[in-house]
Every structure is written in C-alpha cells, then in structure tokens.
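Pasting the structures here.
Here come two complexes built around chain A, the first alongside chain B, the second alongside chain C.
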Partner chain A sequence: MDTALTTLFLGTTRGAVFALVAMGLVLVWRGAGIVNFAQMGQAMFSTYIASSLIISGHGYWFAFATALIAGALLGALVDVAVMRPLTKRSHSGILASESMRATVPVIASLGILGILQSLAGMLWAAEERGFPSPVSDVAVKAFGKTAPFTNFDLFIIIVVLLTLAATTLFFTKTGMGLAMRATALNPEVARLSGIRIGRVRTLSWAISGVASSLAGLLITPSANLSPNTLDLILIVGFTAAVVGGLESLPGSVVGGFILGLLIAVVNVYDAPDDVFLALLIFLLVVLIVKPGGLFGSKRVRNV
Partner chain B sequence: MLEIRNLIASYGPVLAIRDISFTADAGKITTVIGANGAGKSTLLRVISGLEPATSGSITWQGHSLLNKTPEAIVRLGVAHVPEGHAVIASLTVAENIEMGALFRRRAHKQDVRVAISEMYALFPRLEERRNQLAGTLSGGERQMLAISRALVSRPSLLLLDEPSLGLAPLVVEQIIATIKQLCISTGLSVLLVEQNANTALAVADHGVLLSLGSVVADQPASLMRADSALRSAYLGY
Partner chain C sequence: MFKYKRTGIRNLAIALIFTVAIIALGAILDPYNQGQLAVVSMLFIGVLSVTLLTGTSGQISLGQGALMAVGGYASALTILNLGLSIWFALVMAIIVSALAGLLLGFAAARLTGPYLAGTTLVLALALPSLAIRFESVLGGDVGLNVDFGNPPAWLVSAFGEIGYEQWQLYATVPLTCLALLATANILSSRTGRMWRAIRDHESAASLMGINVSNNKIFTFVVSSGFAGLSGALYGLRGIVGPSVYPISLSLLLLTGAILGGLRSIAGALIGSALVVFLPDLIEWATRPLALSEQIGNYLPGLIGGVLLHLTVILNPGGIAHALHRHKNK
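Coming up: the complex of A and B.
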C-alpha cells in the first residue's frame, strides 16, 4: 500500500513537470509548425542563470522570477533572430521546396540546442551543480507517520496546476488567447481579421519558454544541473505531446501525467533501466491504436 | 474609390493578372465576373495583401494598398471574405465574430460590442448558434459567419469571393440581399467576385469582366446584363 502511494505521488510530481514540457512543445508546434528541440536547452540555460544568482547570494524567489523572464526572452529571441528570417526567405535556395521548409527550422532548433549547451559549458564550466528547492524536500511527517510525499512534491503539483489553470483562462477568456488560437488554427483567416500573426507567434515562443524554464526549475532539485541534464526530460515531454495528439494543449497535459505515472510504476515495480523501453512500447501502442494521439483532433468534414 | 492601375500579379508560378485597370465607386457594388482561371480570386488576394503584386498600383480612398500586410490593410477598412466560407471550424460562432473585432477592442471598446450585436441582428441564425462550433454549421450559415467576421471590423470596402459557391439559390439570394441592404444603409462599398454572373449582375451597380487576367469589359451592370454577345462569348450562356 505504501509503495503504491509512493509510486502515485512520484508519478504525479514527475508527470506535472512532463506536462509543462509537453505544453511548451505543443504551443510552438501549434503556433509555428516547428518541433522545438532546443526547448530544454533554453530551460537549462535559464536554470543556470537562476543557479548563478542563488550562488552569488540572491534569494530563491528572485532567481526563480529572473529565470522565468529569461526563459520568455530566450524563447522570443529564438523566434525573432532565427525562425522568422528562416521562414521569410521561403522562396529562395534550399527553402524553395515544401519538405525542406518544414525540415530546416527543426534542424535549426537542433543547432540552437548545440549552441546553448556549449555556451553553458563555457560560461559555467560544465560542472554539475545542485539546485535548491524552495521548500523542504524531506518526506512530510504527520501524526507520527511518514507521508509518501515531500513538501517539494506538493509545491510542484500546486505550481503546475496553477500554471495550467492560468494558461486555460488566458486561452479561453482573453482576446490575446483567442488571437493565439486563431493564428494556430488558420493563419490566413487570422491575418484577414487583423491579427498580427508575427507578434502572436513570438508570444507563443515566449510562453513556451516560460513553461519549459519552469519545468527546468522544478526538476533540477531532484536531478542536478549540467548542460545535458534536461535532454531526457525533452524526450519524455515530446513523447507526452505525441501521446496527447501534438495539437492539443489538454492532451499534452494528460499525456504528461500518464507518462509520469508510467515511469514511476516501471521505476518502482520493475527497474529504472526499462523506463525508455516502456516509453517506446507505450508510444507504439498509442500510435497503432489511435494514430492521431489520445486527444488528436477529429477533422471536421467539409460538405 | 478603389483605383487599380496596370496591375500585374502572379499566383505561384502562374501569371494570373496581366495588366488590369479599373475603378470601383464608393458606396456601390462592383462585381468582377469571368470564367474559372480569369484571375478573379487572385485579384482579391492581391488587394487584401495575401499575395504580392509584380507591378502596378492599388489605392483605396487615397491610401496605397501595395506592399502592405493583410493585418495593415484591414486597418485601412478593407475586409476580405475569401473563397469557401472561410471560418475557423474549431472555434465557436461567437469566437469567430469576436476574432474579426479583436484589433479594435482597445480603441473602440463600446463600438465593438455594438458591432457584434449588429451582426446577430443581421443574421439571427448565428445568434441561435452562437455557442456552437463553426464546423457544425450549414454551408449557408458558415458563409453568413464568414461575412459577419469581416463586417464586424466596420470596413468601408468589403471584398467578397464567390459567396454563392456551393449554396442553395435561396440562401444566396438572402445573403446578397442583406449585403445590398447594407450598402444602401451604411454606404459600404463592395467588390463582389462571382462565377455566377447572372446573380452578380442582378445586384451590382457596375460590372468588370475578366478573361485570362485582363479586363475585357467595364460598364454598368445593367448594360452588361443586356449584352448577349458579351455573355455568349465570355460567360457561355
């Protein structure tokens, strides 16, 4: 019973972080049609910034906020400095063909990942460092018993749920949220409606940057920080996004939690070595049974 | 007044518009007719900024529309309803309409609310379905929604591309009558592209006949309707 509860909490906490990563990927995929492999590189970078601030004596929350802002700026910068010029030159040279236009930005994102990782290595000497958690990460004790979770677990779950609620409200209740959905669904009609889709896309990159930086800040206390630590998180987050249908924000969140639980179960009841095997099998099964993902959009039929 | 001078434009690799010049008066319905591939849709897409022009000039009320983005052109009062009931299927009816007014929501908060309720008054069926997804609407309702999405931005010039496409004649008549009414009551100018020349000429003040990207006739709609030689040569009836 205790093992099952521990597994449940471990899975939910990790799942919450994967949900953030998957959400970041889906935001950019929907907004710009690009799978952003640099995403967790950006998150690693902003987490290093937070870590440096804490080491130089600043408080956790100041570092936390700075890292989120850095994540937003870095996301916007990737769009403005790299992706926009790439898509603008769509009628020349290598970008003239449809398939290359889809591929080149993805390769560019891999390039950005490489640059960020080497840059982090140069700036911060590539040493592994610990990263603090803002609340205790020792198991909670109450009524003389040890609970199967820590305060930090609760902190992660609350922060992620608040983030998800805020994102949902933003997308459904605000004009900018509507503009972002319209741009993702039909850029041409969005432009004809006067929506400045370039700015809206940059905002998608910025929000995605915040979500993934938040994921970085929440996962590193239990993983240590090095230029490559977040690579595996990206793989799990990407799997979660695909399981959720890649197009759907709620789908990506559910996908994140499912994978978190799956990984926890394999870790606890089987062996950590089998985690990636289990992930791949699960992904294959989902893609065979529901090729569009669990939350894949049913295409509306045109009569 | 919409003034188009020596316009040349390609649609992809195809030279779709070879030297078009005409003017469309403010407050009137001008229809652009012609067979498939005459360059009608490309013309509207160039005016609204979706496609670039190779050379020539387009001005609306003294503002040049060339080399501007669609986002900027809407702000000059030119709203485009592209071909094929262009609504966003997975947004609700209300969201589709609201989308058309988003760019005015800060500067004209009050008026946006008024404009939205005017759209529901214009097409009451949309009000009944305001919380439904646009994808669940019938073809006619979708066209009404596409037109509302454009009108809610309070345009001075409406570009309508084949509103009759795939719709029952009765529905087409109703939509066209609504547009005509709007021209008379608000002074809206309309550039109506139609393959169905009969319907278009019946409602329009002026007609421009295109063939293979060039203007072959430019005259009052009533004259064009009566010209049987023109009709049989270019419109096939």
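Coming up: the complex of A and C.
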C-alpha cells in the first residue's frame, strides 16, 4: 500500500513537470506548426544561467525570475533568427514540397539544440552540477506520520497548478490570448482581421520558452545539471503532447500526468532501464489506436 | 530503354572510379587516416539510407542509428553464435534490419513529419534498454566483441602486408560501392520517381494511382537495409554495444546528409566525409589559438550546428546542390 502511494505521488510530481514540457511543445505547434526539439536545450540554457547566478551569490528567487525571462527571450530569439527566415523561404526550392515543409523545421530545431548544448558545454564546463531547491527536501510530517512526499514535491505541484491557471486565464480572458487562439485556428483569417500574426507567433515561442524553463528549474534539483540532462525530459514531454493530441493544451496537461504515472509505475515496479521501452510501446499503441490523441480533433488533409 | 542503359553504364563507371580511388588512397595513407577513411565509407552507406528516406521520399527518421544497431547486433550474433564468416554476417545484418524497417514502416506510413521524427527518436533511445534487458544474449552495457578478422591470403600475396585499418577499408569499400550503385539505380528507376512523387505531393501521387502507404513502407525497408549494413560494418571495427550507436549517431547521419545535399549521392559522400573529418580539421585549424580543452571539445558540435543552420536557411540543397548550380552558370 505504501509503495502504491509513493508511486502515485512520484508520478504526480513528475507528471506536473512533464505537463509543462508538453504544454510548451503544444504552444509552439499550435502557433507555428513546428515541433521544437530544441525546447529542453533552451530550458537547460536558462537553468544554467540561474545556476551561475546562485553560485555567484544571488538569491534563489532572483535567479528563478532571471531564468524565466531568459527562457522567454531565447524562445523569441529562436523564432526571429531561425524559424521566420525559414518560413519565408518555404515556397522555393527544396522546401516547396509539403513533406519537406514539415521536415526541415525539425532539422533546424535539432541544429539549435546542438548549438545550445555546445555553447553550454563551453561556458559552464562539462561536469554535472547540482541545483538547489527553494524549499527543504525532506518528507512532509503531519499527524505524527511521514507522508510519502516532500515539501519540494508540494512546491512543484503548486507552481505548476498556478501556471496552468494563469495560462488558462490568459487564453480565455485576454485579447492577446484570443489573438493567439485565432492565429492557431486559421492564420489567414486572423491576419485579415488585423492580427499581427508574426508577433503572435513570436509570443507563443516566448511563452513556450517560459514554460519549459520553469520545467527545467523544477526538475534539475532531483537530477543533476549538464548540457544533455534535459534531452530525455523532452522525449517524455513529446510523448505526453502526442497522447494529448498535440493540438490541445488541456490534452497536453492530462498527457503529462498520464506519462508521469506510467514512468513512476515502471520505475517502482519494474526497472528504471525499461522506461524508454515502455515509452516506445505506449507511444506506438497511442499512435496506432488513436492517432489524433485523446483530445485531438480529426486531422483533415486539404488537396 | 537505350537511355536507361546509358544511365546504368554511367553509374557503374562512377562506382568503379570511386572504388579504385579509395583503394589507391588507402595504399598511401597512414593507419589513422585509413581508419578514418574506412569510417567515411561505412557512414556513407548510412547517409545514403537518409538520402533515400528523407531526400527521396520525404520521411524523416531520427532513429537510423537504432537501425544501424540492429544490423550491428545481427552481424555480431551471426559471427559469435553461428560461427559464420563476416560476409554471411553482413548479409544477415541487411536482412534483419530490413525486417525491422518493415515493422517500423507499418507504423511510419501512418505518421508525418514531426510525429515520425519523435517516434523514431524514442525508438533510438529505447534500444539500449533492450541490450540491457537481454544482457545474456546482447552483452548489456559492454556489448559484444567482434572484428574484421585477418585479410585473406590472396589479398596479402597481391598487395603485400596489409594493416588492420587498411583491411577495414578494403573490406568496406566494395560494399559501399554496391550501395552506391543500388542507390543510383533506385533513384533513376520507376520506384525512385514514385517516391519523389509522394514526397512532393502525397495526395496528387495517390490520385495518379501510386500506392502511397505501400511505397512508404518499402522505402523504410530499403533504407533500413542500408542502415543495417552500415551499422554492421561500423560495429565490426571492435564492439557492438549501446555506446557505439548513441542517439548522436542518428543525428550525425542526418547532419551529413543535410550538409552534403539531401537529394544527391555526391552530396551524401561529401556529407559523410565532412562529418568524419570536420573535428580533425577544426582541431588542426585552431591549434595555433591554443584553446582550452573545454572549448576544444565542444567546438565541433557548435560549428556543426551553425553549418546545419546556414545550410537549411541559405542553401537547403547542400554543398552538392551549390556546386551543381555553379557549374551550370
């Protein structure tokens, strides 16, 4: 019983972080039609910035805020410097065919990942370093019993829930959120009704950058920080986004929690080595049984 | 008919010139560079698998390294458990990885662009866990020890003493030549044209009576066979294990294909030479600057990434395309 409860809590905290990653992926996919494989590279970079600030004597919260801002700027930079020039050329030469238009941005994002990882390696050395958590990492005690989760787990869940609430409010209650939804739905119509879709796209890259940097800050205390550590989180986040349908923000959050539980179960009841095998089987089953994901709409191809 | 024959002869001539050139180069180089050249020939086959899959049929795979591993393990198990020669093992590698490609193709035919990229990436990550799960057969983290063996007596009597690196090169080049020939013929055949039609407009191709999903699966089978051969040769250098086929190997193949030129065989050759020699070249060029080890280690990755970007944005056709355009001006 205790093992089951521990698994449940482990799955929920990890799942909360995966939900953030998946949300970041979905935001860019909806906004720009690109799956950003460099996303966790950006998160790694901003987490390193936070780590350096803490090492040089600044407080945790200052570093935390700086990392989120850096994540937003980095996201916007990727869009303006790489993806915009790419989409501008998308109707000429090798990019003219539909399959290559889907393929080339993937390659470009892998290039960004390589650049960010090499830069991080050059700037901050290759050895792994730890990253502090803002609250104590001991198990919560209540009514004389030890709960199966720590203060930091609670902190993660609260931060993620606040972020989800803020994102929901942003998309439903603000003009900019409405503009983003319109652009995701139909860029052409959105442009005709006066929305500057270029800016809206850059904004979705920036918000995605914040979400993934937040995920980086929340996951690194339980793992070590190195240029490659967050790659595996991206894969899990991608699977979560596909489970949720890649189109739907609530779907990505649900997908994140499902993946968190799946991985916790494999970790606790089987062996950690099998996590990616389980991930592959799960992904294939979802893609074969329900290719549109749990929340996705049916895909229609226009001729 | 006549035209097809001429293309066939031209392809054969190019392949023969390639083989002779590499063998001549192999005779004058030192062992280190012979080894590097052997790796270029091995990876060339792998990059050709990307040329076929991504360049010709428009499907992206980040898991070619995993298929190389399948080929590597198939050949290692054939040698170690069945006691057969490396030539049988290589045939076995092609068959087994093509079968793996068939399975993957069934899933891939339903997926497009980023979905396919993500799924193949997960595949590449999941494979090492298989090696650990079936440790008694696949050797776990350490892997299986295999090698090219000794050069046959007739070769030694014809060429004199042959070093291990030189033998690696000489054993690989004829196979690379066959792969080159096969790719050239596929590209100029009816099959190649069907694949290009699917790449350029799937719905239009389907309306013209091309069976899109069967062709996509077939592309995966052929491409996986190539990757398997490449992986088997790559593993025969010493070890077949998870550390030999990391996720970065898949990305290396893709980078080579893009930098050289995704749509041409010459591009694949340029690209594979580039990814193998670039780190050495950068090391040589920056030696006067006396960079710290930390920067030196990561510089090739940085330059590779920047080159990838410049290629995708400024010259998506790659080096081969740029050379061709220059020639036509």
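One rule holds for everything that comes next: the second predicted complex is superposed on the first by the 296 of 303 C-alpha atoms of A that agree within 3 Å, B and C clash if a C-alpha of one lies under 4 Å from a C-alpha of the other, contacts with A are read in each partner's own complex, and residues count from 1 in each chain.
Here is the rule we use: a residue touches a chain if its C-beta (ideal position, glycine included) is under 8 Å from a C-beta of that chain, and two chains touch if they have at least 3 such contacts.
Keep in mind that what you see is a predicted model, and the values were worked out from it rather than measured.
Chemist: So if we stack both complexes on chain A, do chain B and chain C clash, or do they fit?
Modeler: Chain B and chain C fit side by side in the superposed model.
Chemist: State whether A:Ser99 touches chain B only (first), chain C only (second), both chains, or neither.
Modeler: second
Chemist: On the A-aligned overlay, A:Leu162 touches which partner chain: chain B = first, chain C = second, or both, or neither?
Modeler: neither
Chemist: For chain A, which side has the bigger count of touched residues, chain B or chain C?
Modeler: The larger set of chain A residues in touch belongs to C.
Chemist: Given the touch rule stated above, what does A:Val285 touch, chain B (first), chain C (second), both, or neither?
Modeler: Neither partner.
Chemist: Please indicate which partner A:Ile55 is in contact with in the superposed arrangement: first for chain B, second for chain C, both, or neither.
Modeler: So A:Ile55 meets neither chain B nor chain C here.
Chemist: In the superposition described above, what is the shortest C-alpha distance between chain B and chain C in Å? Please give a whole number.
Modeler: 15
Chemist: So which bits of chain A does chain B touch that chain C touches too?
Modeler: 303
Chemist: Under the touch definition given earlier, write down the residues of chain B that touch chain A in their complex.
Modeler: For chain B paired with chain A, touching residues are 48, 50, 69-71, 74-75, 79-80, 82, 86-91, 95, 98-100, 102-105, 133, 135-136, 139, 149-150, 153.
Chemist: Where on chain A is chain B touching in the complex?
Modeler: Those residues of chain A that touch chain B are 175, 178-179, 181-182, 185-186, 188-197, 297, 300, 303.
Chemist: Which part of chain A faces chain C closely enough to touch in the complex?
Modeler: Answer in residue numbers: 29, 34-35, 37, 82, 85-86, 89, 93-100, 102-104, 106-108, 110-115, 117-119, 121-122, 125-126, 231-232, 235, 238-239, 242, 246, 273-277, 279-280, 283-284, 287-288, 291, 301, 303.
Chemist: Could you please specify the touching residues of chain C with respect to chain A in the complex?
Modeler: It comes out as residues 54, 57-60, 62, 107, 110-115, 117-119, 121-123, 125-126, 128-130, 132-133, 198-204, 247, 251, 254, 258, 262-263, 294-295, 297-299, 301-302, 304-306, 308-309, 312-313, 316-317, 321.
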